[in-house]
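Please find the structures below.
Presented sequentially are two complexes of chain A, the first with chain B as partner and the second with chain C.
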Partner chain A sequence: MEKLKKKIGSFSFWNWVIASIIFRLILIYFPKNLNLSSRPEVSTPLTSFRRLAEGYWLKQSSMSSYAGSMYHGSPLLLSLLGPLTVKRIEGQPNHLLYSLVSVIADVVSAMLIRATGQNLRLAYLRSLESLDLVKQIDVSEFLFSGDIAALIYLCNPFTIVACVGLSTSPIENMAVILCLYGACSRLIPLAAFGWVIATHLSLYPAILIIPVIFLLGCGPDSPPRKLFLQRHQQKEVLNQSKLPPGFSWGPIIHFAFWAFLWSVYVLVLCGISLKQFGGLWEMFKSTYGFILTVEDLSPNIGVLWYFFAEVFEFFRNFFLIVFHVNILFMILPLAIRLRHRPCYLAFVYVAICSMLKSYPSVGDSALYLGLLGWFVNELADMQFSLFLFCGYVGVSLLSPVMHNLWIWRGTGNANFYFTTAMVYACLQIVLVVEGVSAVLNHDRKLRILITGKPQDAKS
Partner chain B sequence: MELSFTKGRWNYESWGGFDPLSSSNAKPPGVELWAVFDVPQHHIDASWKNLTHTLSGLFCASINFLESTATYSTPEWSFPPASGNVRYGTLPCEAVCTENLTPWLKLLPCRDKAGIALLLDRPSLYRGFYHSQQLHLTSTGSSSEGIDSGIILEQTLTVVLQPNSEMAIEVHASEKHIQPSWSLSSIFGKQFPNKENGKSAANGLTSENFWSNPSFELSANPDRIFLEESSSHSKSLSILYMFQVEKYCESEPFDIGLMWKVPVAWLCQQTPLHASRFLMGSGNERAAIAISLKSTQFTEGFMSANSKDGSCELRVDVFQVVPWYVKVYFHSLRVFVDQQPRAVSDIIEKIHVSPSKDKMSPGVMEVVLKLPCRVNTAALTIEFDKGFLRIDEYLPDANQGFDIPSAIISFPNFHASMVFLEDDSLNKSPLLSKFQEKCPVMSYTEVLLVPLTTPDFSMPYNVITITCTVFALYFGSLLNVLQRSVAEEERFLKAKAAKKTGRLPLLLSKLSAKLRGRRLEPLHSPPSSSSFINSKLVLKVILVAGLAVGWQYFFS
Partner chain C sequence: MANTLSLYRTVKRLGIPDERIILMLADDMACNTRNKYPAQVFNNENHRLNLYGDNVEVDYRGYEVTVENFLRVLTGRHETAVPRSKRLLSDEGSHILLYMTGHGGDEFLKFQDSEELQSHDLADAVKQMKEKHRFKELLIMVDTCQAATLFNQFQSPGVLAIGSSMKGENSYSHHLDSDVGVSVVDRFTYYTLAFFERLNIYDNASLSSLFSSYNPSLLMSTAYYRKDLYKRRLEEVPVTNFFGSVMETIHTDAAYKALSRRNSGRFEDEMSLDQSVHHIERRMLIKVNDGDEIHDINPEGEEGACKCPWSTFRNKFQKAENVDSLVNYGLVAMIPLLVISTWLVQ
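Moving on to the complex of A and B:
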């Protein structure tokens, strides 16, 4: 731990940031972006750049961009990023402008992650102070979780590949991080904007409304409220002012108002751009309907494509409902158990969505791996961390190989590629489960330090 | 409506593409059906479905596969009569055999018992290079020129055969074009008996400029000879010989034959540009379709005829239908003229695309190109992604691949027709009027075979169980972690430590020791919790059973 801190201290944060930007730019100048945009792990039917170009071409030819089954994204992205798909600058790589947009999105996300991480760290230190645990826990050992999280996000190979591979994941990730940053820093219009845009671009961030509500109501991550009450009981008179405030509804109403305003604005803009082509219903059918019904069975790093290629027609709807309910079901138990740690709750939700969504890609994994960096202090005792790290490296190396064997050489078959996808899903499950377990253990540790003995009741 | 069953590909290089025979009778392999409807728009699809089913039953073919929306398309400009009312569908891999020929023959007034249909010897017919049977239905509308409204049925059988080698001149290896001598008996193995009551069997034989200097000899004398009027596009004129079969009887059967006195090789008149289509790329993920147009030695003649005040342009119409699992990227359409890439807006005058919807409709592309007259080669390329199908959507032989139907390349500026000089117009033969009809010059490209990746067909149960196991793993372990309480965990750790002394329990006990700090052993859990757990279990079982019974009742 000491060596790590010293190493980070010597090669400062900004150097790492600049190094990662330069590395991205070098990769962009490779011919054809190293063909990364054609990898199924990077570009899915929802995030693919070629489909965006096709949607833009259809729109320019006065047809609905949802006319064929090619484009399934937001019309706002078409208007903003569409012109970048056709612009060519002489002597430069083909999609330089779009790549630069992705790089800028990545850097902005990293900065926001850093700011939120600093916020979280300060809140943690404050709560430790009010619990009078500062002497018992060695605070100087605490890593700068904001910096670490930002560096993990920027230097993660998954993020670099998603950026250079011309997918729309960097922009989706930026929207999610914007939402969490706004909620942490009490910038309610920004949080509402981030949430509305993230939900509009891909459906799954809608469940982040629950951590956002907890963030705005209670504040950033802190140990459970019960501990504060117990400590207050123990100390009695002195520390009344240090009791954290209870749940406040004011900011939430404010947030609801802003979210409503932003969603009306976005829907009106989409309605205007799609007026002759079926309006908003067509958009919902092509974007949300496409996500929920898993129509496209192209291989990706998830497990749903092969499942729905092989399942019988009779059971298709049943399994669609089961798989989507799997995500929804876990919202409530996690929210009950982790309500005092809304940022960690958001991380778990993002991880579950990236794992179980219809068309996962490495860009989604990049997001939750970056958010994982916020909790390096709480997750210091996590089991299986080396196993997970090796697993991720192994899967990311094996998966392109299996894909090549199946599609290009014809010597393997779909089972090879599906196996790596399943191993990847299992790794993510282990990460989520062990992460939740580690945070709950951390809270138990705090409780033991305060009360002096473990209790029978659940914390 | 036009329906054609074709076996083999019309070889435009050897058999020509410009005469009325090739333009109207060269059809794509398999089944092609197009129909123009006169009903309100919302009834057209239902009428098409009825039509396909009826024809399927009538001709013993799988035309009913054309009923689903994913197989037929609605072209806008390519079929001149009407737009929006045309439906077009093809089945490129349909096999054609006698079973389809017999119902077709049944539609003739005398079947194959009389008339020229007597000649149809099945083995020699199906041994040929190409044969195509077509049905063309036209309904004449309200009376114009005093004709009553009715339906005109035209049946055409086009065959390209090779005669038996008895009378053929030896064919040298290097000169493939030498025409063999032939006779009806050498081709069909039959001769024409006299018993027929049809009209004269006009045997259309077109030859080039041999009127004055015949280098061939006909074994029977023609009854009438028709000369073609001057044609605008070719230097030589055609001759039509007509024979009346009624004059022949059994002792003197009608066996027309043609003997070449000198070796003759000729090239038939071809289309202005020779069209071919092929696939580019490798692998099972993505590829590209390329249509290439090459000028032939006849192109010069066309251009000079078509030039007006210096700037002449050759108009080419391309009509292509791709099935939905060939996901075409229309923005990747590139045009090359004389192997140089050109801007799409320079060459393409009009384009109409109807992108494919997954499992719903095929992708249709109609392009009007304006090429410069001196063009040598031109090419259109378009990239596509190969789709992934469910296991029940694959054909029985999935590893063979899937077919992309032929594209239609037409040259609307040119019309193939032959007008023959006639002395008396009272005896107008229907064949002559057919030749005189102006039909646009068109050619069909090759059918492309696209191999698609296949999933493992033997694995549905395995995949379902393994994936559901993964989901159950996630669900169970996450819930377990969430609802575990401290006392339970400590109990669990103690029990584990007491049982074995393996490495993992040792590690776990170390971990728990670290958690506990330097505390004493915790209290034992009260024993009364066991009955509590039991009643909880029983309650859960009853709840699940009740749900199952309710589900059964509700949905049975």
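Moving on to the complex of A and C:
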């Protein structure tokens, strides 16, 4: 019965994958990629295709690719994707090759998500077995979180729009997912590579080092260790082999070594390619410096541009620090609270970054919505799910309308557009808060099942 | 006054900017108490165009228009306090148009009803200009009675002169504006303006066509021109040499491409050569007597300008190629490294 179910499940999974690829290809063949690359929600100063092409042209003209403050990405991306921006094939849409690269990146990310999801699901089942809860929880009802997450990622309109809109988000997302996959599957060089590349391309995945450390040290998501101890106290048999392993430092050191190796490699390559144009310092100033100092204030679906357009020069540095610390100060408490669920921690970090980063886009949202799919079992009881879903749909419909009203028709003003940005941020906050509380409720439910009686509110 | 302003307007339309025009007007008409249309000057009785409207920059007006100032402008001998806008800042490559109108007679032109500019004074001034290399070609146009006598005394090469009437003839006005009460434009100027109204900036009308457009029966005088001092043939000289300012544009179809940097390097050199034509000619003018040194200077200058950017381009290109290929190899090598390391560690 399981096998049949699995077969049916996998059959329609591949169907959906192929359908989404075909849909992307159809959209690519529309003229000028439906002008999606000019939408502020899709292309930000960091991910814009036009800026990549400009950076490549500047490099080809023997000038620094960061000249004129157009391109703010990695020089390696320039060498890799730059030639694709100018290659034209007769009779085909202009940026076919680049779009194909984005599609391939999306598909690879989806496959990696699926593999990690399967990994997570197996780990969850194993931990339930060791807690002897298999009879009490109906395991056959467990959805295939890997498949679902992969399908969410592929068929999400945000992902499709980011892919067809020729932004570099699919590639950044692929790096992040590679890192998480490597960490879940204990492939340490792969995890280190993914982490280094993700940090190099955009600054924010650097905080993913904490979930990666937890993943490598403890293993994938599992209920809190305390529950295992309680269960075995009840059984009065301390069977060490059934306990999940404690925190081990060996893989961490291994990871640090590989991360160091890969970062040296990447930095050496960047240094070589930028030798004549100011070297690595120039690169850090133009990429990380640009992200941290929020130099470009063109509208996007984030909340920083509006604020920094009106802040006084005197206070600008102070508020820059405030906004960046806003992300940083949430790292520690969440790490403490969710250390037994590193993948979920990674999801929460990614969601917070996508919301509070300097130049968010829908590609970033696509990433965490895809990762959300890994936890469909744990988040089954999440409140406000319909509200959030309708909210996302509403914002994604209204935001372009408000932008059009503001910029093209002139009947609205910046407040219209910023309202949708604020609503979007609120929705994301509600999603994160409700998600964390749902997961903690799930752990609480497990504990109740184990101990048989409700405990007090602690833990 | 309307004559001068009409020609001023024509010359500006054909491209000469205000910095290159010195306008001297006695300026007694526009704000005259007897002018029915204050501050307006028309050159036609239909009053279609107010010549003294916007965008008229008068450099010498009223009592500043004297023979002394005129000769100072021509020869460039000003007092130190005179601003640049009032000076004739020409050099040895300039083409100058000098247009004078008013009352005149046999070998003189009247200034402000109190002074006269004599023909030998004018010829002296032009000779001084030539000595000081203040012009390459000079076209003098005079619209007064017996205008051709004004340039009897010229001897400097490169001077072309045309007057509206010969000795013993009067120049007549074109028509009377009964509303204002005076005649508004003279015939010679009127037919000159008519010629230029038909012209647009890119036509190649030559000076000979301008000069032959004057019909003695219509002018009621003979427009006489003197071309013995002017070495070029009038059919080859476009009117825009004097009356307009036409820039030479070089049209290129190629879009900016990475590999056509070589061509663009040479292209820039060509452009600079075109613009520095008069510099080359300066050397030729100065060294007219010396002879031998000319040929050395020009080719050296050209080659020097050509070689330097070309060689640096080449070096840069090679360096860039190396760096680029190295980075590409590094990137490509990352993937097998990753695969191998992952497989090894597993």
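Convention: the second predicted complex is superposed on the first by the 444 of 459 C-alpha atoms of A that agree within 3 Å, B and C clash if a C-alpha of one lies under 4 Å from a C-alpha of the other, contacts with A are read in each partner's own complex, and residues count from 1 in each chain.
Definition applied: contacts are C-beta pairs under 8 Å (C-beta built on N, C-alpha and C of every residue); 3 or more make two chains touch, one makes a residue touch a chain.
Source: prediction; values computed, not measured.
With both complexes brought onto chain A, simultaneous placement of chain B and chain C is prevented by a clash.
Touch criterion met: A:80 reaches chain C, while chain B stays clear of it. Of the two partner chains placed around the shared chain by superposition, neither chain B nor chain C is touched by A:226.
Of the two partner chains placed around the shared chain by superposition, chain C is the only one that A:265 touches, whereas chain B remains out of contact.
The wider contact with chain A, measured as residues touched, comes from B rather than the other of chain B and chain C. After overlaying the two complexes on the shared chain, residue contacts for A:126 are found with neither chain B nor chain C. Judged by the touch definition given at the top, the superposed model places A:189 against chain C, while chain B stays out of reach. When the two complexes are overlaid on their common chain A, residue A:413 makes contact with chain B while staying clear of chain C. The superposed model built on chain A shows that, among 57-65, 183-191 or 543-551, the segment of chain B colliding with chain C is 183-191.
When the two complexes are laid over each other on chain A, chain A has residues 57, 61 in contact with both chain B and chain C.
Interface of chain A with chain B (complex): residues 38, 50, 53-54, 56-58, 61, 63, 67-70, 295-299, 303-313, 322-323, 326, 329-330, 333-334, 337, 355-356, 381, 406-408, 410, 413-415, 418, 422, 425-426, 429, 432-433, 436-437, 440-441, 444-445, 448-449, 453-459.
Interface of chain B with chain A (complex): residues 282-286, 324, 327, 329-331, 351, 353-359, 363, 385, 387-392, 453-456, 459-460, 463-464, 466-467, 470-471, 473-475, 477-479, 481-487, 490, 511, 515-517, 519, 522. Within the complex, the chain C residues that touch chain A are 256, 258, 261, 316-317, 319-320, 323-324, 326-328, 330-331, 334, 338, 341-342, 345-346.
If you check the complex, the residues on chain A that touch chain C are 57, 60-62, 75-76, 79-80, 182, 187-190, 193, 254, 258, 265, 268-269, 272-273, 275-276.
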